[in-house]
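One chain, chain A, links the two complexes that follow: it is found with chain B in the first and with chain C in the second.
Our next item is the complex of A and B:
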């Protein structure tokens, strides 16, 4: 097998066994790798009755076929399983250094089931696979855990670790690689915590990648890498990070303010934008493995209430989630909040959004001082967020910490009192910091149809609407107007296929904008030897999209669940999108027709599944 | 060219735009924050069809032609697309993606200007009016 190793590591923590397992070669051709292959393996091996935090649940880490290639953007990995936050199928992606190291150690993925009787860590070294007790790390934050891992296994060892939030089963706990990179969304840190798995450590001895066409791949890799390095996007990201265009986003109405209640705040735009972060706190730039963009920030704040030592800095999502969303323009506070979330191991998007929801609930008396143990929740009060709320959530301390550790959706169901009106979710997952009303109406559609819930990285719709995509070979030549429904369903159908390809090959959405469709096909063929045409590749993307929907159907989701909070659809009250309605229902109806989705079940019809070689899967959902 | 009768017309219009932008406090401040030497290269429509803006050191100076110093940023496009762009009728991200605009150098400074494109378009319209280029105003 080329590119992929063809092997995964199957770990049963209950019986403390580790087993090398071959994956059928056709699975790679049909489901690509990463998120797609994880979905396929769950379909085969998963227990659909197991709750996300049950010992019987599966936690699946999966590489894409490009992991290990010396090319910007292709060193990401996926984690997948039944999400503790949403209760249905989900996955999350992470950059950093773990995925290539796992490939070099001989594995495409790790499938974990069971529950250890004590805190443990999985150690993967070639010819030395083992489960170690990790009692001495339990209770530590991610930074100290990673530091001890490095002390024990050497600096070359790459790790995934959970912090206290994962141990305490916070529903949106994340998994952190090397302190700086996170499988952020949907709560897989809690799944690790439920299995008493504190960390996974991998260390290879040699960096081999067996390409199908080494010469072709090398030539293509160099040419794509050069394009990525020289692109305007890369340069902007390199200079000012992923928040480089936050200021511009405020002016288009893309950046949510005070729980998506406002769409414009000029003063905040300049205070929080990437260039301000560079001027005030940036110490270094950092990168994922082999990436020339280096969009990651390393920051230091020397004084004030939010002082932090030199270390990982916030990305756009964190800055907006702990800045504009909470009515704050204190950039230092976003850095500190992000740093705490990295250490506790919590998703910053859900954490910020859940606190924003709570602030609105408090303002409107759905939450009272009795619920908050006497703590007033006020917009912009970042001292309370940083010093009290985040620790309370991570440790599930008190009534309020316990409530907010559930995420906004479940917290709202718990308190009721009309607080569902303040939600900004789809399928139980908090929307990222891109407001569909200003950022693009197509986002409302793609947030709602995403298998994992409201997510901007599930597919490239955000980039399509801003004008950063042009794929004439597959019919994407639309000049989309963000605040309109025109051609959005048509674009979304391509977006879900491209998103499945991105997330299954585990490619970074920023870097891969420079890759043309024919280059994508060549990358798969030269690396993994899939021998695809453009049509084969797009079919694989569609197959993955459909399989993820079939999984969700088996978890009980239907077409009605392809919905989104009203807050994200109601006309904005200010800024660029003021008063413009989002025609959600007509976009969804059109998408369902184009994607041949059943309007009740929300899954593709039998003939469509048959045409993609999914007849067996169809028999599970169509009688 | 769709909008211009010769290569000098667009440069006249664009220099007028910058002359007026300097008089607007908000745009003038915005331009100073760009803090770069930018060459707007429209030479695909004629060898004299370009101008540069020096926003460094707290000043804004716009002149015809290529700058004598190495520019921090070069924006290469057609004079027609430049006209659409200053009229806020061209999505710059889309234009870059589709290679209508070629960018060399750091575009970070220009991001500071992006939110002000609507205002730039208003002033550009005034500039075209003053030059009696009424037929060129895009509605």
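Our next item is the complex of A and C:
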């Protein structure tokens, strides 16, 4: 086998066994790798009755075929399983250094089931696979855990670790690679915590990647890397990070303010934007493995209430979630909040959004001082967020910490009192920091049809609406108007296929904007030897999209769940999108027709599944 | 007539805020073309902080913001 190794590591933490297992070669051709292959393996091996935190649940880490190629953007990996935050199928991706190292160690993925009787860590070294006790790391944050891992296994070892939030089963706990990169969304840190799995350590001896056409791949890799390095987008991201254009986003109405209640705050735009972060706190730029963009920030704040030592800095999502969303323009506070979330191991999007929901609930008396143990929740009060709320959530301390550790959706169901009106979710997942009303109406559609819930990385719709993509070979030649429904359903159908390809090959959405459709096909063929045409590749993307929907159907979701909070649809009250309605229902109806989705069940019809070679899967859902 | 052109976000890398004289009846799209920004830099325009119509005419004293569309994740 080329590119992929064809083997995964199957771990049962209950019986403390590790087993090398071959994956059928056709699975790679049909489901690509990463998120797609994880969905396929769960379909075969998963227990649909097991709750996310039950010992019987599966936690699946999966590489794409490109991990290990010395090319910008292709060092990401996926984690997947039944989400503790949403209760249904989900996945999350992460850059950094773990995925290539896992490939170099001989594995395409790790499938974990069971529950250890004590805290443990999985260690993967060639010919030396083992489960170690990790009692001495239990209770530590991610930074100290990673530091001890490096002391024990050497600096070349790459790790995934959870912090206290994962141990305490916070529903949006994340998994952190080397302190700086996170499988952020949907709560897989809590699944690790439930299995008493503190860390996974991988260390290879040599960096071998066995390409189907090494010469062709090398030529293609150099040419793509040059385009990526020279693009305006890459240069902007390199200089000022992923928040480089936060200021621009405020002017278009893309950046949410105070729980998506406002769409324009000019003073905040300059205070929080990436160039301000560079000027005030940036110490170094950092990169994922083999990436020339280096959009990661390393920051230091020397004084003030939010002083932090030199270390990982915030991404755009973190800055907006702990800045504009909470009515704050204190950039230092966003850095401190992000740093705490990295150490506790918590998703910053859900954490910030849940706190924003709580602030609005408190303002409108759905939450009272009795609920908060006497703590007033006020917009912009970042001292309270940093010093009290985040620690309370991570340790599930007190009534309020326990409530907010559930995420906003379940917290709202718990308190009721009309607090559902303040949600900004789809399928129980908090929306990212891109407001569909200003960022692009197509986002409302793609948030709602995403298998894991409101998500901007499930597919490239955000980039398609802003004009960063042009794919004439597959019919995407539109110049979309963000604040309109025109051609959005048609674009979304391409977006879900491209998103499945991106997340199954585990390619970074910033870097891959420079890759043309023919180059995508060549990448798969030269690396993994899939021998695809464009049609084969797009069909694989569609197959993955459909399989993820079938999984969710088996978890009980239907067409009605392809919905989104009203807050994200109601006309904006200010800024560029003021008063412009989002025609959600008509976009969804059109998308359902184009994607041949049943309007009740929300899954593709039998003939469509048959045409993609999914007749067996169809028989589970169309009896 | 005089208008103010304000670069926002990443557009600042390519131009500074400027007050320019433009002929009466000019559309914002014509002004955008005259700025000769890199083709790969996708931008949108706001006239007095609102999205203009396709052929909206600019008036004396208007504020034209050029906003880049590179979004973070």
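Keep this in mind: the second predicted complex is superposed on the first by the 623 of 623 C-alpha atoms of A that agree within 3 Å, B and C clash if a C-alpha of one lies under 4 Å from a C-alpha of the other, contacts with A are read in each partner's own complex, and residues count from 1 in each chain.
Keep in mind that, in the parts below, a contact is a pair of C-beta atoms (placed from the backbone, for glycine too) under 8 Å apart; a residue touches a chain by one contact, two chains touch by 3 or more.
Since we're looking at a predicted model, the values are computed, not measured.
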Overlay on chain A: chain C relative to chain B, clash or fit: clash
First, second, both or neither for A:359, with chain B first and chain C second: neither
Which superposed partner A:228 touches (first chain B, second chain C, both, neither): neither
Comparison of chain B and chain C by chain A residues contacted: C
First, second, both or neither for A:236, with chain B first and chain C second: both
Partner chain in contact with A:254 - chain B first, chain C second, else both or neither: second
Partner chain(s) touched by A:467 [first = chain B, second = chain C, both, neither]: both
Which superposed partner A:244 touches (first chain B, second chain C, both, neither): both
Partner chain(s) touched by A:315 [first = chain B, second = chain C, both, neither]: second
Overlap of the chain B and chain C footprints on chain A, listed as residue numbers: 232, 236, 240, 244-245, 247-248, 251, 269, 275, 466-468
Of all residues in chain B, those that touch chain A in their complex: 91-98, 103, 105-108, 111-112, 114-115
Complex contacts: residues of chain C adjacent to chain A: 8-13, 38, 40-42, 44, 46, 49-51, 65, 67-73
Residues of chain A touching chain B in the complex: 232, 235-236, 239-240, 244-245, 247-248, 250-251, 269, 275, 466-470, 479, 513
Complex interface listing, chain A residues touching chain C: 231-233, 236-237, 240-249, 251-252, 254, 264, 269, 273-275, 315-317, 432-434, 439, 456-457, 462-463, 466-468, 482-483, 509-510, 575-576, 578
